[in-house]
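Once you scroll down, you'll see the structures, which are given as structure tokens.
First chain A sits with chain B, and in the next complex the same chain sits with chain C.
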Partner chain A sequence: MLRLPSFKYLQPKTLKEALAMKADAGPDGMYVAGGTDLYPNMKRRHQEPRTVISLMAIPELKRLEGWNVGTCVTLTELSNLPTFQHSYPAVAHAAALVSTPLLRNMGTLGGNLCLDTRCNYYDQTYEWRKAIDFCMKKDGHICWVAPSSPRCWAVSSSDVAPVAVAIGAEFLLVGPQGERVIPAGRFYHNDGINYLTKQPDEILVEVRLPAPDGWDAVYHKLRRRGSFDFPVLGVAAWVRREGGRVTDARIVLGGVASWPQEIPEAAAALRDGELGDDAIAAAAAAAYRPAKPLDNTDFDLSWRKQMTRVYVKAALEELRQRRG
Partner chain B sequence: MRPDSKAKIAFELNGEPVEVAFAPHKTLLEVLREDLALTGTKHGCELGECGTCTVLLDGAPVLSCLVLGLACERRRVKTVEGLAQGSRLHPLQEAFAALGAAQCGYCTPAFLLTADALLADNPSPNRDDIKQALSGNLCRCTGYIKIYEAVELAAARLRGEKAEPARESLYGRR
Partner chain C sequence: MHRREGLAKLTGRERYVDDLPLDDFLWGMTVRSPVPRGRVTAVRFGADVDWSAFVIVDHRDIPGPNEVILIERDQPVLAAGYVRHVHEPVVLLGHRSREGLRRAVRAVEVVVAPEPPVLDFRVPPRPDQIQYGRDNVLKRLKIEKGDVERALAQAPVVVSGTYETGAQEHVYLETQGMIAWLEDQVLVVKGSMQCPYYVLSALKHALARDESRVRVIQTPTGGGFGGKEEYPSDIALHAALLALKAGRPVKIVYDRGEDMAATTKRHPSWVRHRTGLTRDGRLLAQDLEVVLDGGAYVTLSPVVLSRGIIHAAGPYSCDNVRIAGRVMFTNAVPFGAFRGFGAPQTLFACERHMDVIARTLEIDPVELRRINLLRDGQTTATGQVIRDGTDRVAVLERALELSDYRAKRRAHAAFNETHAAQRRGIGLAAFYHGAGFTGGGEVHLNSRVRVAGLADGRVEVLTANIEMGQGTLTVFTQIAAERLGFAPQDVAIAEADTGRVPNSGPTVASRTTMVVGRLIERACDDLRSRLEVDAAVRGASLRAAIVRWHREHAAERLVGDAVYERPPGISWDDANYRGDAYGAFAWATYVAEVEVDLATYSTRVTGFVAVQEVGKVLNETLARGQVQGGVVQGIGWALMEECKFRDGAMINNQLTNYLIPTSDDVPPIHVAFLENPYPHGAQGAKGLGELPIDGPAPAVLNAVAAATGADPRAVPLTPERLMAIADFGLRSAE
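So, the complex of A and B:
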């Protein structure tokens, strides 16, 4: 039976209280929201905090004000909001594709954005990992996916993160030094271990979405089953259009790197033209080249890479259909 | 509180107030089974990958293996033990039994509760609504069809219709 290690559980009512508790707990303290990522990890002894600080009783984190969303809003709440289904269909859709309805009732927006990177050699029990010798992400020194690699290649597996980066959302972080607001794209490092630029004592408080005017976005997800599974590939595509012409675009891939991977070459292929077949094919080809999935998640490696082209094309065709 | 001392909380369990003391790092699943002796809620993967430990928390289906007992203070928990009224089975339980929607039965409590939450929210779900609502619960025996049919039958009966199992559901296609 997989049990949680013992720890002290705290339920602060304000952000200030939460920060003070984290300062008291030091490096052995961790924040938790829905717990659907942290608790399985704790059961497998990936993370072993002595103090767990729940953010779920802090009203500020559940706030929905205009286009600003508190990070403790659950994924179910986010995907069901009529305003979001209308104005941010890509965000609502990505949230609705995370895992299962049960886990979406528990998991939060912030939790999905901070999701631990995943790998076939990491997301295993302590005993499994010990049996083949631990990897560098936890307790060991080697990367079992690329044994000569100096870095960890665990995969960014969030569905909402690629969308947040693609549409240019901003994140409000609050820490002991005060507040800061950063673009979603600067929230992530391309490193399987140190995958967030957020400091451990900072709290991701709010996601600020851009006003829904003149742009559209879609999210497509590849996985083995229609439910449960993390993305093996996620494609978030964003375009700004004026009179049918694309004036700006962003393509961001999930599941192919340790961060949501922006593909500027694909966006460049779309700029200053119509969303025609040629532009879409050029963008899909441009996204195919830099996508470097590694053999650390489900499905065959080369097939996953080929699917990049197929999924980027499908995402852009959906955007074209939705126009006007 | 020291990590090794017991915590005591009060919450509503199947419509009745309970108080229970347990080690503070225990999950709701462990508290229900080990400290409250309610073993209707089943252990599955314990990692959020199967749905077998589903209970309703404030009416919403959640995985009790990933909810801390301490997070349930003053909240409303419903387990499979809370479905039947005395010796009378819940319409969902009757329909599951009549249609063979339970085979080995291990996932059944979770399916019953997830379906119960669906019907509370939407008394007339279509097949797609049911599929979507139950898409977080794994069943390795039935192939799901019997489960969908049972939920449809129970939904009709709960709406007050005199529904009977389809002949095809009971005897197969002739």
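So, the complex of A and C:
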């Protein structure tokens, strides 16, 4: 069994206290919510904090007010909320597709949004990584997926993040310098190592969802099994329609880049038309071209590339059927 | 009867080897070869570790021959100057802290001058790759019946095909683990295992200790599936060597990554069929070539090959059969025992090939099987006359009926007409599995069982057969209780401790209930004869007789014994591979329904029916559990379980990238038993444990073939593989 290294565990009761604890701990301190991402990573020595600051006892992170959701709400709670199932089915659905019931009982909305990027050369034990002389994401210098690459290509593997970006959610961050609110899309970098724009001492406090005023969204997830696995591809599709016409659209892919990858070309193919077969096919084709998955997740690459088109098409067809 | 240890397992009170309290002990870990083949030029111990705090063992510390004794003596306990596979054990380290030990293992460098490895068993080796005999063949076996060449030459139709299967990991819940210590000059080794006497024999040989100075005790074992048949001898030797050198108890428990990377797997296979038939599908000749990947040492591969080729022709009657089998040496981690033991590989080829034949001849796959299934009085490939009275066609019919096969075929045809993106199909496999050791194996084992009458009137059953989740404790209790008229609580089952129990053979080969259970019955009878009472004396009166005996024979032991006796009329010619390969076969037909998504090439198993004739079913809950578990394991092997290797090392040795089915990936499994009691098995039982892994893979792939028109020939049939062999016309241009 892989074991955790020893570390100091702190449980602040307020945001202010948490920020102070982080300031004391310095770069060796890390926040944790449900721990379903961080603790396994610590066992494999991906992250090695000396001080772990739990956010789970801070009441305002558990808050549900209107369409504002505290980030320490668990994925189970989120997927079971009737208001969410009704008004934000794509969010509830994406949350329900994360891992297994046990992990959703522990894992949180914020944790899933901040999920570490994943790669076949990274998500391995220390010994395994040592045997290949590590990779640039941790302890090494090279990217084994693309050895000449200056950057890390680890993959954004969150289910909720593509949906948050697609529907245009906003994130409230609180740090030593105060509060800021940013669009979900600006929370991520396309870089496997620095994949968040969040500063290490900032806390992701709240997700502000847009009012459910006539748009609709769906999320489709590709993985080998019906449960448990991270997405190898996630497709979040959002449309706003007036009459039968699409006035605005966004297609965001998970699992193909180091961030939730928005595909403006696909959205453009849908705008100012009906969700007809041709428009859907054009959007699927548009998504296929820029989506360049690398050979660093489950499944053979050639098959995964084909599936982008298949999944975007299926997602859009579901959207059409739901409001059709 | 409920599972005997069920409550302890359910409530977490059962104590596995890693849970056992141990005072003042060291952890043990293994330093392994980084490459598949080469001369070890140096073992370097890093400067940043205080090595005086570690116990260090290498091959020079082995008191006896540096051999893990099994069929051959080719495998060293610790590599001595030469390595033949990645992860081969080279040095053992013992230390108080597990974390410190982990760092120390990282600080040891095994320097190897690499030599060219063999990594593909299907490709003939180059001269510089020869490492075993003259041609890297670990074992050759041949079965011949009739005149195959002549029959093929005269056959109106000949259908050929090749079939491949990949390695499979056991994924027992409890990883391998062993503890060892010295107790008054007696070496005690305790751990997770299927075969205490195999471990005992390995310890005696390499440590040069006689039986009086070694004792092996099995701890509650969290799954085995064959993975704990031969490998525990290796880890037991490692723990023992460290304990002997340290003078303190040593515990070695593998983590999942080490367990998956360094221990045995199911043998990969390549099978070629050339079949001569009449135009209406009657088998005239079966010509087969079976090749297995053995890995770097012989281990049990000759016996796996033996069982593989004996089952390779399927449960069919054919007058002319030739099966040539060989196991190839490669520089892979040795492949080993895994539920089914060669039969799943050859039966996959056979049953997939039957559907290929049916498609070629344009006849119904059910009819093809029906006309060729063995009837009583007909002979198997080894010439064994089958006359057990089982109606094998009735087994097939029952499976068709329970699966609603005919109606489903019509419904699927209609569905496929009207749906552009999905295809539904149904497929079957008819098969069999021989119970107990092959050929003369049971005679060589010479198994012994003892039943002791205790002073309080209860009995204790003493065998070396173990519980690993399959239900041995419960079924043995039932068998003794039924024979003696006792309540289950008046039957104790002894811990499998070689210091106490006789050698009743290994817990493998679907032999425990049938063979050892029968020995328990006979030992119970022997106990009665010691008491000089007849079979009418049961229950309370028998308990009273035991109590009375003890009163009259103070300080004496009351025991009944039984030794294996070959059932009458059985004979086996090992030189020519002719005769009665098994005392009994279990017979089965499995039916799988699938839905294939034509856009994603992914397959879902949507229905499953498993019908088998296994003699008498002794405990229906446990028997169903065995079948359902085997079916799930078989579906995993058929569709998703894939060991990926690079330079001889498994690169997906984690449960996040070696995927096994979840409950969401398997359909409800309908299990049905037909019963035809076998007179030489306990209460009429035949072996059941391995049978259910033989059928799912061919049934599922036959269903995919029926659904899509594709012609898959290899497992696992992942979506990627299906995309590579089939074009459903939906794939868009690049």
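Everything below uses one rule, namely that the second predicted complex is superposed on the first by the 323 of 324 C-alpha atoms of A that agree within 3 Å, B and C clash if a C-alpha of one lies under 4 Å from a C-alpha of the other, contacts with A are read in each partner's own complex, and residues count from 1 in each chain.
Here is the rule we use: contacts are C-beta pairs under 8 Å (C-beta built on N, C-alpha and C of every residue); 3 or more make two chains touch, one makes a residue touch a chain.
The structure displayed is predicted, hence computed values, not measured ones.
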Q | Simultaneous placement of chain C and chain B on chain A, clash or fit | A | clash
Q: Examine A:A314 and indicate which partner it touches, taking first as chain B and second as chain C; both and neither are also allowed.
A: second
Q) Touching A:Q177, do we find chain B (first), chain C (second), both, or neither? A) neither
Q.
With both complexes superposed on chain A, which partner does A:T14 reach: first (chain B), second (chain C), both or neither?
A. neither
Q. Which holds for A:G35: it touches chain B only (first), chain C only (second), both, or neither?
A. first
Q: In the overlay, answer first, second, both or neither for which of chain B and chain C A:W303 touches.
A: second
Q) Should A:A131 be classified as contacting the first partner (chain B), the second (chain C), both, or neither? A) second
Q: Please indicate which partner A:L2 is in contact with in the superposed arrangement: first for chain B, second for chain C, both, or neither.
A: both
Q.
For A:F228 in the superposed arrangement: first (chain B), second (chain C), both or neither?
A. both
**Q.** Partner chain in contact with A:Q199 - chain B first, chain C second, else both or neither
**A.** neither
Q: State the stretch of chain C that overlaps chain B in the combined model; pick it from 206-214, 422-430, 620-628 or 710-718.
A: 620-628
Q. Residues on chain A in contact with chain B in one complex and with chain C in the other?
A. 1-3, 5, 100, 226-228
(Q) Under the stated contact criterion, what part of chain C meets chain A in this complex? (A) 34, 98-99, 105-106, 253, 255-257, 599-601, 640, 653-654, 656-657, 659, 661-665, 718-720, 723, 731-732
Q) In their complex, what parts of chain A are in touch with chain C? A) 1-3, 5, 100, 120, 123-128, 130-131, 222, 224-230, 285, 288, 298-300, 302-303, 306-307, 309-310, 313-314
**Q.** In the complex with chain A, residue positions of chain B that touch it
**A.** 1-4, 23-27, 30, 43, 46-49, 51, 54, 60-63, 66-68, 70-71, 114, 132-133, 135-137
(Q) So in the complex, the part of chain A that touches chain B is made up of which residues? (A) 1-9, 11, 35-36, 39-40, 43-44, 50, 54, 56, 76, 99-103, 105-106, 226-228
